[in-house]
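For clarity, chains are labelled A, B, C, D and E in written order, and residue numbers in each chain start from 1.
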Amino acid sequence: MAELIDLVLLGMLAITALRIIFLKDLFAVVMLFGIYSFLSALIFVNLDAVDVAFTEAAVGAGIATVLMLGTLALTGRKEKANSHTALLPLLVVIVTGAALIYGTLDMPPFGDPENPANQHVAPRYIEESPQEVGLPNMVTSVLASYRAFDTLGETAVVFAAAIGVLSLLGLPKQSQATIESGLKSHLVLRVVAKLIIPLILVFALYVQFHGDYGPGGGFQAGVIAAAAIILYALVFGLPLATQVIQPKLLKILASMGVLIYAATGVAGLFFGGNFLDYNVLASDPVAGQHIGIIVIEFGIGVTVFAAILSIFYGFASQAERANIQ
Amino acid sequence: MFAQHFPVLPIVLPLIGAPVCMLLARSQLAWLFATLISGFSFFISIVLLLTTLDQGVLSYALGGWEPPWGIEMRVDVANALVLSVVTGLSTLVLVYAKQSIDKEIDRNQHTLFYTAHLLCLAGLSGILSTGDAFNLFVFLEISSLATYTLVSLASDRRALTAAFRYLVMGTIGATFILIGVGMMYMKTGTLNMLDLAARIAEYDSNRTLNTGLAFILIGVSIKLALFPLHMWLPPAYTHAPSAVSAFLAGTATKVAVYVMVRFIFTIYGAEYVFHEMGMDVILLVLAIVAIFNCSFVATVQSNVKTMLAYSSVAQIGYMILGISLVTSAGLMAGLLHIFNHALMKGALFMAVGAVLFRTGSADIKAYYGLGKRMPLTMAAFTIAGLSIIGVPLTAGFVSKWYLVTAALEQQHWLIAFLILTGSLLAIVYIGRVLEVAYFKEPADPTDTTIKEAPVLMLIPMWILVLANIYFGIDTSLSVSAADAASKWLFQPAADLGAVR
Amino acid sequence: MSFIVDYYNYWIVVFLMMAGFYIVISANNLVKKVVGLNIFQTSVFIMYISIGKVSGGSAPILADGITSYSNPLPHVLILTAIVVGVATTAVGLALIVRIKRAYGTVEENEFKDKDALI
Amino acid sequence: MILETLSTILLISGAFFSLTGAIGLFKFPDFFTRVHAASVTDSIATILIISGLILRTDFDLVAIKLLFILVFLLLTSPTASHALAKSARHGGLLTLAEIRDTQNKDNG
Amino acid sequence: MNIWSALEPSQLINLSIIVPVIGAALLVFAGKRPNLRETVSIATAVILFTLVLGIADNTFNQVPMATTWVVLLSGLNIAFSVEPLGVLFALVASFLWIITTIYAIGYMRGHHEQNQTRFFCCFALAISTVMAICFSANLLTLFIFYELLTLSTYPLVTHAGNEEAKRGGRVYLGILLTTSIAFLLFAVLGTWVSAQTLEFTPGGVFNDVSSSGLIAVLLVLFCYGIGKAALMPFHRWLPAAMVAPTPVSALLHAVAVVKAGVFSILKIAIYIFGIDNLSEIATTDLMLYIGAATVLLSSFVATTKDNLKARLAYSTVSQLSYIVVGALLASSIAAAGATLHIVTHAFGKITLFFCAGAIMVATHKKNISEMVGLGHKMPLTMIAFAIGALSIIGLPPMAGTWSKWYLLVGALEQDKLIIVAVLTLSSLLNVAYLLPIPIKAFFTPAEPNQQPESWTETQHTPLPSLIAIAVTASACLLLFFFPQPIIDLINLIPGVSTEF
């Protein structure tokens, strides 16, 4: 059954991808990409990767699509007819694809528990992590403890992206003067938004702190919280949003998040452990792990929230500029 | 007290430094702070280099989780050497950057520049030190993202398209690496490099592993701008701010070369890659084509920065050539050239940046008569240029010497000859600039604004120039480090795995 | 037959990857290129997750009565990779916005005409 | 047992409404009618499906979560449909009837 | 004779290389005051000559002298040691430096040249590298300073700074660097790989020369790699470099640079291959005949040139190949002749160049056709010219007689009758292109209205230049009557002897 669903979803993905190749309407391309992302999230669920699915839905289908739409608003939605022949790319792709197919021939069978990938390192995570780290969600254990350095890097990547977008697009100026609504006439929208935004924020907090037990964690929480503010900015206008969450504050928050994470690692040094060693943070190693994971997840959440939001601010300020012009 | 944590500090220091830099908000403060952080990392790298020369490899388990379950930092002579180059050059470039950035980048973006620089440094250090294949990908992306930002900070609009092209190519490369790592993981169930090596050694030849390696090599080749995949590099280096070009040319591609070395020698083992898959011939041919094609293209450029960028691609050809000789001597020559090339290209790009600072142009016309107006800058350019050519008593000569000896040891007479003739093209492109600088009259002799570059730019430039001479004469440090590194890398991969 | 059952997943994923890769290298429009990059990367993510799937296993969250879990390690890796992907996308799109402002177009062949690109 | 049957009925009818919505999305002639079809899917189908799912739980935390989702969807999806239609209207899109009218006027 | 006997003998080598460098540094500081500057110049030259005299004294007393500067790697040093061949060349070069400096002072002032400080400074640096070449203990050292000599003389060649000078400089640098990097460095590396040593060893470094094709190739590479020996077809740089001021042409292109080339070939023939082994190498005859062809062809070319310096340049090309031929004849007498020819040709040719320069300063004439009847106006110069010409031709009572005599005897001893014929024919050609100049100058009446009657030689030729001309011309004579000290020195060279 699971295989069948998998196959159907993969087939839909293939159709979507093919459609994207031939479409010239970029708006449709972006929407299809959103669908593509969402379908892959479904596949991830089907393949037991709930955390990944959550992230993919929030990031790929959510944030990435919003950013792409924002870009389209500034650059136009039509792709121009392509004059040069696509023969060379086709050739490159066929060769690369053939190489990959060649590579699959010696691959271990799909789903087999005897595969090397499932036999060597992973069993320890599955068997020991509930005792060693003390969390039921093994993904969180691996993410935040065994491979915490990867995650620190990931946080730095988000931070770097924020730096990049800031340097390219800048942040909106805080304008005290005219606070005009983006969608003034949409009364229904405004009412519902006011109702929903607090709910979203609560949900974000839930995801943030429930990540140890179920799917979720700082990353998803940060994205969801940012989405709440993005919704606010869309409905009530960017100027108002920048008054609620000031761009300057975002810069500080984004930095602070990384610092919180790194400081947790450094704390390990001072307590006599290695960098990012949480065992030494408390007398009981498992308690130490708990403290460490909660703090760094918080750090991730803060950075991701601030980074995503400032990226959105960057794009939105450009859009406003374009409107004024 | 912190001595045992040194393997991780060159990464963590700039990684912490970056957000702090962002918080500092004042350009001056951020500069000072970034320079200090970078300098401190350099100091640690030197200590690491000396320690590894003395004691061999240093392993550091992050989070206290022993590998292969946790992530491991693994510093040996080879990466400590490259690490010293990267952190050292970063420090010098930061000193240099202060005034160059003032002129080339918008005032309120200065802190962003220093933050991105530190992030880039953290990423590069991470790539070098890590002992985990996926961790390498993460740090690769940190440095790449920071690099795109740094390149796009330039005021020229062409920097934007260059950065975008770099981004697309870089992401394709990173994704290829990701595919390759995935295939390796699929067959071995581990991501730790030593563990991978031990487990790959159990397979004779495996189609999945071969494909994985091929994808990693192609991905890394994009990052290191190996010949047919180099097209992103010249525009990026041309239009980036001078300080960025100086830093990237000396470090980013070199780190990628090191990654290639690491995958070939540490993980798969030279035996597997070169004898089973015959990669040496492919790399050799590409390297030689790179040397000639790009040196030749360099000779016809009118923009000096572009010229140097193409020269960089050609010089990368020399490094790959050394690797593809499949001998300890060849690998040693390649590693040595990583070190020496960072010295000379850093100095050259700094000199070009200084000219850009004063004249506002990198076109060769701006160099008319500069020999008199900016004597120290042009002297630096001359000496570093001679080093590129490979004139005796410069660092460039040393690396060429070892490269040719390595080729001759294998009875590759033709290759040795090609290496030497390749450097003749360097005479042409460096000579063109020197000739107009010293023998042409300036276009506008009355222009008094063009004078010697500021001291803060000259000092790092000349440190590199003097290093070029020093390491051209006293080669004991660089050669012995490269030699130890190549010997270390060249032992069969399975043995490395058995160390633990 | 078992051959196909064992590998169909990877083959479709390869097809998806190549579709994305094709869009990246053939598209003339920069936004479409970024979309292609995302499709390419997302497909690679599916490959990774497929590696970790264990038939009959369940999501790697400790629960009573479940003995077989899927491999959590690829999930962690891909979580990281997704973030990296979106970070790259954000920077890429920001660059596109700036390019549009500087050149007035986001079609690759058009700004090549406007600058003698080196 | 009864619960299960009930839930199956709910799920199947939910799926049916979803399907009609999808068919409508394809078959209907213009924007506004299509929005209509889509919003039917959103509202009635979600109610049915989620109720069906709730009946299959042990009425623990999961049921409450599903309830939350239901409330959330009931709040957002009509709003989305509304916003969509209203924007289209603001953008100057005409219904079929209106188009016919204007065409008649032009002809007449 | 040895005023430096208080010093440790080996220190003399260091001093002889460093003293000119110190001189150059002092020149920079003395640059503003011409008198001081020239005093420094001459003082440096004299001190250097006494140093070399000291070294020569020690050599006669069989005092070993050696010093190592830098150890690049085991077996690869920058090291110096004294052997008679080098001493001889050092004596000639350092003595003629004094004379040339004196001459140059007059010439440069008389000609109102620009950038005189740079001129004297580079001049001193060039001599320093020549000293290093003389005393180099191994091929690497020789190669390094050979390259530095090229670089330090480049500014001298392009001294005029105009388009023609730049073109000449480009050819000069292009050919010399190209040949040295592509061929010489290659040959050095080949020697290193096959012989495992680069030390100059009496009798050669190769164990078995006859069977190896490699060594045959190396010989060709060495002969062409040393582009300064101007073997055809790589002789174009020598005429091109004649755009330099005359003192430069005189010292560098009659003495230091070209002689450094043939000196290197002699040194390699004696100490790397071994004179006795040469006959067993397959390509020796090939190179011998190429040398012979160069002798003849360039003599023919010389007869067609009307520009005096160009004619002298081609004459130099021809005479250099005498030395190459002598080195390759594989006969101890011919080698002695070749060594002696370094000395005699140096004195003869420098006299001719001095005269050409004096004529140019005094009358601004460059072409031979304009010099008809000049003997009446400038009798001293023209007499000196005649003496120099006779010495080059090899007629008694001039020094050139001896060297040509030994060369002929060597050729006869080896039964190379073609070489004998070539040498004879070439001497006849020498007569044809050199002697007509003084003959026409004296025996054809001066064209009227050329100069006012009151014009005298001493008035228009700077006195220092005249003194220099007198010294070198008389040296040509003296060396015919008193060649013994030099022949004694030559007989100290292992494998070289004037005995039948």
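Basically, a contact is a pair of C-beta atoms (placed from the backbone, for glycine too) under 8 Å apart; a residue touches a chain by one contact, two chains touch by 3 or more.
Since the structure is predicted, the reported quantities are computational estimates derived from the model, not experimental observations.
Undergrad: Count of steps on the shortest touching-chain route from chain A to chain C?
TA: 1
Undergrad: Which other chains touch chain B while also touching chain C?
TA: A
Undergrad: Of the other chains, whose C-alpha centre is the longest way from the centre of chain B?
TA: It is D.
Undergrad: Quick one: which pair of chains has the most contacts?
TA: Contact tally peaks for the chain pair A-C.
Undergrad: Report the chain whose mean Cα position is at the greatest distance from that of chain C.
TA: Ranked by distance of C-alpha centres from chain C, the top chain is E.
Undergrad: Closest chain to the protein CA centroid?
TA: B
Undergrad: Report, in whole Å, the distance between the mean C-alpha point of chain A and the mean C-alpha point of chain B.
TA: One centre to the other, that is 31 Å.
Undergrad: If you average the CA atoms of chain B and of chain D, how many Å lie between those two points?
TA: 57
Undergrad: Could you state the distance in Å from the CA-based centre of chain D to that of chain E?
TA: Using C-alpha averages as centres, the distance is 99 Å.
Undergrad: What is the distance, in whole Å, between the centres of chain C and chain E, each centre taken as the mean of its C-alpha atoms?
TA: Result: the chain centres lie 70 Å from each other.
Undergrad: Residues of chain A that touch two or more other chains: which are they?
TA: Within chain A, the residues that touch at least two other chains are 100, 104-105, 107, 115, 117-118, 121-122, 125, 147, 150, 153-154, 157, 160-161, 164, 168.
Undergrad: Pull out every residue in chain E that's touching 2 or more other chains.
TA: Answer for chain E, listing residues that touch two or more other chains: there are none.
Undergrad: Please list all residues of chain C that touch 2 or more other chains.
TA: Counting only residues that touch two or more other chains, chain C contributes 17, 21, 25, 30, 51, 73-74, 77, 80, 84, 87-88, 91, 95-96, 98.
Undergrad: Run through the chains and report each pair that touches.
TA: Those chain pairs which touch are A-B, A-C, A-D, B-C, B-E.
Undergrad: Tell me, which parts of chain C touch chain A in their complex?
TA: Touching chain A from chain C are residues 2, 5-23, 25-32, 34-36, 38-39, 42-43, 45-46, 49-63, 68-80, 82-91, 93-98, 100-101, 106-107, 109-110.
Undergrad: Taking the complex as given, what residues does chain A use to touch chain C?
TA: Chain A reaches chain C through residues 3, 6-7, 10-11, 13-14, 17-18, 20-21, 26, 29-30, 33, 36-37, 40, 43-44, 47-52, 55-56, 59-60, 63-64, 67-68, 70-72, 74-76, 79-80, 82-84, 86, 89-90, 92-94, 96-97, 100-101, 104-105, 107, 109-113, 115, 117-118, 121-122, 125-126, 130, 136-139, 141-143, 147, 150-151, 153-154, 157-158, 160-161, 164-165, 168-169, 213-215, 219, 304, 311, 314-315, 318.
Undergrad: Tell me, which parts of chain E touch chain B in their complex?
TA: 70-73, 78, 143-144, 147-148, 151, 158, 161, 166, 170, 173-174, 177-178, 181-182, 185-186, 189-190, 192-193
Undergrad: Quick one: which bits of chain B touch chain A in the complex? Just the residue numbers, please.
TA: 2, 5, 8, 12, 15-16, 18-20, 22-23, 60-65, 68-71, 109, 112-113, 115-116, 119, 122-123, 126, 132, 134-135, 138-139, 141-142, 145-146, 148-149, 152-153, 179, 183, 185-191, 195, 199, 206-212, 214-215
Undergrad: Please output the residues of chain A touching chain B within their complex, sorted ascending.
TA: Where chain A meets chain B, its residues are 99-100, 102-108, 115-122, 124-125, 145-150, 152-154, 156-157, 159-161, 163-164, 166-168, 251-252, 254-256, 258-259, 262-263, 265-266, 268-269, 273-280.
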